[in-house]
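Two complexes are shown next, each including chain A; its partner changes from chain B in the first to chain C in the second.
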Partner chain A sequence: MGDKPSTRPRSGTGRTRRASKRDDEVALQGPTPDPEFVQLLSPDGERVDHPDYSVDFTDEEYRGLYRDLVIVRRLDLESTALQRQGHLAIWASLEGQEAAQIGSGRALRKQDMAFPTYREHGVLWCRGVDPTAPHGLFRGADHGDWDPSEHNFNLYTLVIGAQTLHAVGYAMGIGYDGKVGTDDGEAVIAYFGDGASSQGDVHEACVFAGVYHAPVVLFCQNNQYAISEPVERQTRTPIYQRAAGYGFPGVRVDGNDVLACYAVTRHALDAARHGQGPTLVEAYTYRMGPHTTTDDPTRYRNGSEVETWKQRDPIARVRTFLEKQKIADDAFFAAVDADADRITGRLREYVIDMPDPTPEMLFEHVYAEGSPLQDAERAWFRDYQASFAGEGH
Partner chain B sequence: MSRVKQFPLPDLGEGLTEGEILKWFVAPGDTVSLNQPIVEVETAKAAVEIPSPYSGVIVELFHGEGATVDVGAPIMSFDTDPGAGPLSEAAPAEAPAAPTTGPLIGEESADGRTAVLVGYGPKASGGKRRPRRTANGAPVSAPVAPTVPATPPAAVTPPAPVAPPVPAHAGPVLAKPPVRKLAKDLGVDLRTVAPTGPNGTISRDDVTAAHAAATATPAAAPAVRPSFGPDREQRVPIKGVRKLTAENMVASAFTAPHVTEFLTVDATRTVKAVERLRAMRDWRDVRVSPLLLVAKAVLLAVRRHPMVNSTWDAERGEIVVKEYVNLGIAAATDRGLIVPNIADAGRLSMRELADAMTDLVETAKSGRTAPAAMQGGTFTITNVGVFGVDTGTPILPPGEAAILAFGAIRQQPWVHKGKVKPRHVTTLGLSFDHRIVDGELGSRFLADIGRFLTDPEATLLAWD
Partner chain C sequence: MTVRSYREALHDALRTELRRDESVFLLGEEIGRFEGSYKITAGLLDEFGPKRVRDTPIAEEGFTGAAVGAAMLGLRPVVEIMTINFSLLALDQIVNHAAKVYGMFGGQARVPMVIRTPGGGGQQLGATHSQNVELYYAFVPGMKVVAPSDPADAKALLLAAIRDDDPVLVLENLALYNTRGEVPDHDEPAPIGTARITRTGTDITLVAYSRMAAVALQVAERLAETDGIDAEVVDLRSLRPLDRDTVVASVRKTNCAVVLEDDWLTYGIGAEVAATISDGAFDWLDAPVRRVAMAEVPLPYAKPLETAALPSADDAIAAVRQTLDAVARRR
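Then we have the complex of A and B:
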């Protein structure tokens, strides 16, 4: 997949301009109910042109994006069902945010590093991590079962906003390592939410990113709620405009438009890898489900709001587009559904059969290359456990 | 494997105890597919739809709408293989998991707690449901009678009652490592202990209670009569405290060259001091014995001769002299000899020392001495006098340079001020590690303790 805007946009719709009169005016308005943002595919499935951003996908690539969207949603629904049936302790649903995650996830190049929250199941899918890998965490069996360096996808971070600091530090590191500044340079993306934008960690991350010109994209999925607190309780200005204060560009994108999310993120990542510093991307989207399976959203938001957002569904618009453009036929859609059935079936089997962790797991993943002290402790612990044999433990 | 499966109400939100059936979306006889919504349940946190865990035919719903159901209790049963013909009358609904390995998620354990995936699990009582939403104004219908199975295939037996709590431990025993260690030290087989902890775990109290119960009878009887076999021998397993004691004694006897010295002293003034202390109003509730003054004597003498309060560190080629005194008091208990110590006893006032010793002895007698209280001793007193013997040659606890045996105090003829008089006399025995302590030091130290017991008031004034 390739699009390469020739110039880095410095002005235009939905973007912060560095120090202009208009910024101050906008800053006083607060979040608008119908915000302006970069959009390339309307909710009706119509392609929309944008002066600064575009995509140029092949039919195959368009179909691939649709498949990604459907499969991550189905995996998500299955995970929620598994929690409701008693097989997971908790699940954090991505429903509604598929486009933001698939668009940005597919925009990453292989060498780019991603730092997720605990909701980035779509990005995880794009990074080639087995989609069953996070479920040990949500069952309480492990802390995430994948190698971050193998997939360039860090473990889920549960502490709100902490991963933005990790990402910026990592980005500063690859800068020092001289891995930035060329076409095949590296870039970093940090995911966080509108709630996290109020965290001190995120502020510090933005300060360091700006001051040190770190090759990082700060990707905020504004899903309108920090558990039960609406985004109006986080900020009086649109989140993307905060970038101006840190001295780097900010852009708001339709977070339910996978094409726009791809284009904007790809552009920001390429800027970072070429040494042009950080970008704040605000993907304006909506969390269709509860914060987690332990939350009840009907207590703090009304059904008409949810209905409004259903009209902006990220998957329906891609399907309409594919059908209208005759890029895909019924056989393709049926095949995607069959794929999703197969993959969710595998997930169900995996979760139900997941073994409990052994006590010796305590000693795994402590040191990269082990340590004599730890070996001794492990041996002692093994003997200790064995010393109870016959006492029916 | 039965084809009929029960579905227990899962913990829908991180540690809940119960839920209320708001609405059934299915009825007996309905065919359902996997993940099809089957019931709406309201918990303290949310009202949620539960998707079907199986595809098949609904056999029975065990609760009506409005019923409050405990987490882990079956709410419905499924025929998961309806194509295989009618259900046989005898086929009992299979509980989701046989409780052979302790409570599984959602199941109730012996103590009435429900195993959950997170937290300690809710107690059987005290769950509060979330406030009812009354947006539509319609009150939730009163509990209705459970739906009667109306399906032609079969009448299925009602849900098997929840198995009564089983005290036996066929499966693995649940106990935390320190509790396992305690059980091991006490020689208690965890399989025989009734658990009272969360999720059916065995607690520390359970182990000590089991141990107390096991040792209660011998303690009451004046002497334990061993039960001999036909060969007139009894084989007692070497384990627990006996084993530990043996290991320590052997290790000590074969590494530290022991020397023992004795000193017989007139302790009449000590006995009188004890009586006077007991008579003091603010000491009325304090347990005072001559051992308290012996302990004080040791602490003062250690201050004058710090070298006896030390450790031979062969590994590093150093003698570790300690400024603090963790004063061990050897105690004979039901489970054998234990030596808990009073940490930093040298800093305690007389009154604090008395309280600490009382506490230490009572804790030891009741078998509640914490392992931590038995570690790090620096000097030990063994009070063999309580058994009526004069003294002994004690063996050093590993890591200590000296130990004092305090024998019985008895009235004996004693030359006092030029005349033979009945006096309270006792014999002290001091063993020390000759690698650290020479005869001269050992003798001076022992003599100081003797002087204190001979004249506690003056020495206390002079040395304290």
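Then we have the complex of A and C:
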């Protein structure tokens, strides 16, 4: 996929048309107009030109992006269904954010490292992690089952914003190892949400990224909500404009446009790997579902807003584009659906059959070399369990 | 008396204070429109408006620090931190500022603020979301920490905390929110710094707070039934100040004690209670003080592991029997 490092884009992409709220109350409101952002594929499936960004995909690569988008959505819907049926304790859906995740995820080169939140199942897919791997976490069986260094994809972080500091530290480590400055250089991407943008950790991550000129892309998926709080509760300035204060470029991209997300992220990662420092990317998107399966979004947002965002669906526009440009035919779409059926079927079986861990695992992974305290507790626990033997426990 | 849940009792106390005192206001993440992650603030935004019930940005250090400043000006902020785990992001504001402004400023400014926050595991929320770190705050001079175990105390201690002129952390508990009990209809605060004997007995003293104080009562009832043991239960209610006299007096009567706590054993609250008993009732003790606490591991997600790690009524019963066996051997 278009592997040429590109020139540095100018920072920012214009002023927002979004009105900021003056009063204390952020009322339930209708959809706001589209803000200005980098867009390469309109919601109608038309290619749009941009002075700074472009993509040069082959037909096969376009089809590949479509396949990615469909499969991660189907996996997500299946996961929500599995939760509703009692097979998962909780699920954090990515529905609506597929383009932001596939675009940025596919923009990563093999040597790049990604630090996700808990919602980046699409990026996980792009990194070649088995899509069943996070489900142990959401079922409550394990902590997510993949090797972060094998896939260059860190484990999920649940404390809001913390992973942005880890990403910056990792990026500083890349500089320390001298792996910046060539086409083979490494770069890091840190995912975080609009809610997280308020955390001190994220601010400090930006400070360090700027001061140390770290090879990192700070990628904010502005999905408009932090649980129930709309983004107006977090900031009066568009998030990408904060970058100026830290001394690096910020770009806002149509987060529902997989081509633009790819182009902008690729640009930023290549700049980072070539020693040109960090970029803040704000992917402007929408969380179509609840925050997690434990909440009911109809309590805090209205249906017309959701309807408007449906019109901007990240997958429909790619399909329209592929059809209009005759890049894909019905047989292709049917094959993708069949693939998705197979992959989600496998997920379902995997989740339903997932064994519970044995209680003794409790004492593992406390210290790298184990410890006498945990050994003693384990021994005590064995005896204690044995004391119930025959009592029907 | 009215039967209320722990959740409703907390809500009632907030509503009472918002109505009684204009200087009281609430702030925190998701407390307004969403009515709080655990719905303690249900209906309060509608009733009192966004000036008194503030949804804040997702920034624990930010809103806790802002509350310190507001309190210094004489307001009475009541901060909700979604769970005690996220209070760790605000540790500096609580420990270095809320607890120290009064002293560092030579008594010129008080910090009459409240931090309400639930602790507790058992909800399958994983290691970073299931901790019992009230000790971090109970450790700090200048802070007060209360930990109600039933609806009546939830209301009375929250009322007391809001009316107090010092920073008070009110430790709630996820597993207690739905428990029910009789709550007085009046709005009398409970005195901060006094423990409560929730069951009188003669054979052994069980000392606990928060969820484990509720477990201790169940344990005492079961022991009475199955073993004919008459246990006394001391609910600490206040972790700082700690009511050492009530604990000591009980142990001087029963001559032995088991401490139940939801936190980790090493350096935990139970260690302080055991030291208190050693100081005040050493000559009365017929057996070493035992502590029942959580396994010393980060709490896992998996239900069977989580259940195994958390202290249970069965664990407590085993500890009581062992203690009384030791007493019998002694006598």
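To be clear about the criterion, the second predicted complex is superposed on the first by the 334 of 393 C-alpha atoms of A that agree within 3 Å, B and C clash if a C-alpha of one lies under 4 Å from a C-alpha of the other, contacts with A are read in each partner's own complex, and residues count from 1 in each chain.
Note that in this section a residue touches a chain if its C-beta (ideal position, glycine included) is under 8 Å from a C-beta of that chain, and two chains touch if they have at least 3 such contacts.
Owing to the predicted nature of the structure, the values given are computational and were not obtained by experimental measurement.
Undergrad: If you stack the two complexes on chain A, which partner ends up touching A:Gly140: first (chain B), second (chain C), both, or neither?
TA: A:Gly140 sits against chain B and chain C alike.
Undergrad: Could you say whether A:Gln85 touches chain B, chain C, both of them, or neither, answering first, second, both or neither?
TA: first
Undergrad: With both complexes superposed on chain A, which partner does A:Arg342 reach: first (chain B), second (chain C), both or neither?
TA: Neither partner.
Undergrad: Answer with first, second, both or neither: which of chain B and chain C does A:Arg382 touch in the superposed model?
TA: neither
Undergrad: Going by the touch definition up top, name the partner, chain B or chain C, that contacts more of chain A.
TA: C
Undergrad: Looking at the overlay, what does A:Lys110 touch: chain B (first), chain C (second), both, or neither?
TA: It touches nothing on chain B or chain C.
Undergrad: Return first, second, both or neither, reflecting whether A:Pro290 touches chain B, chain C, both chains, or no partner chain.
TA: A:Pro290 sits against chain B, while chain C stays out of touch.
Undergrad: Do chain B and chain C land on any of the same chain A residues, and which?
TA: Touching chain B in the first complex and chain C in the second, residues 89, 140, 295, 299, 384 of chain A appear in both lists.
Undergrad: Which of the residues in chain C end up touching chain A in this complex?
TA: The touching residues are 29-30, 33-34, 37, 49-51, 54-59, 61-62, 85-86, 89, 124, 126, 128-129, 266, 295-298, 300-306, 308-309, 318.
Undergrad: Write out the stretch or stretches of chain A touching chain C in their complex.
TA: Those in contact with chain C are residues 23-26, 89, 137, 140-143, 158-160, 195-196, 198-201, 226-229, 233-235, 295, 299-300, 356-359, 361-363, 366, 373-374, 377, 381, 384.
Undergrad: Write out the stretch or stretches of chain A touching chain B in their complex.
TA: Residues in contact with chain B: 77-78, 81, 83-90, 139-140, 290, 293-296, 298-299, 384, 387-388, 391-393.
Undergrad: Residue numbers of chain B touching chain A in their complex, please.
TA: Touching chain A: residues 7-8, 10-14, 35, 45-51, 53, 105-106, 116-118, 130, 133, 169, 172-173, 175, 177, 180, 183-184, 189-191 of chain B.
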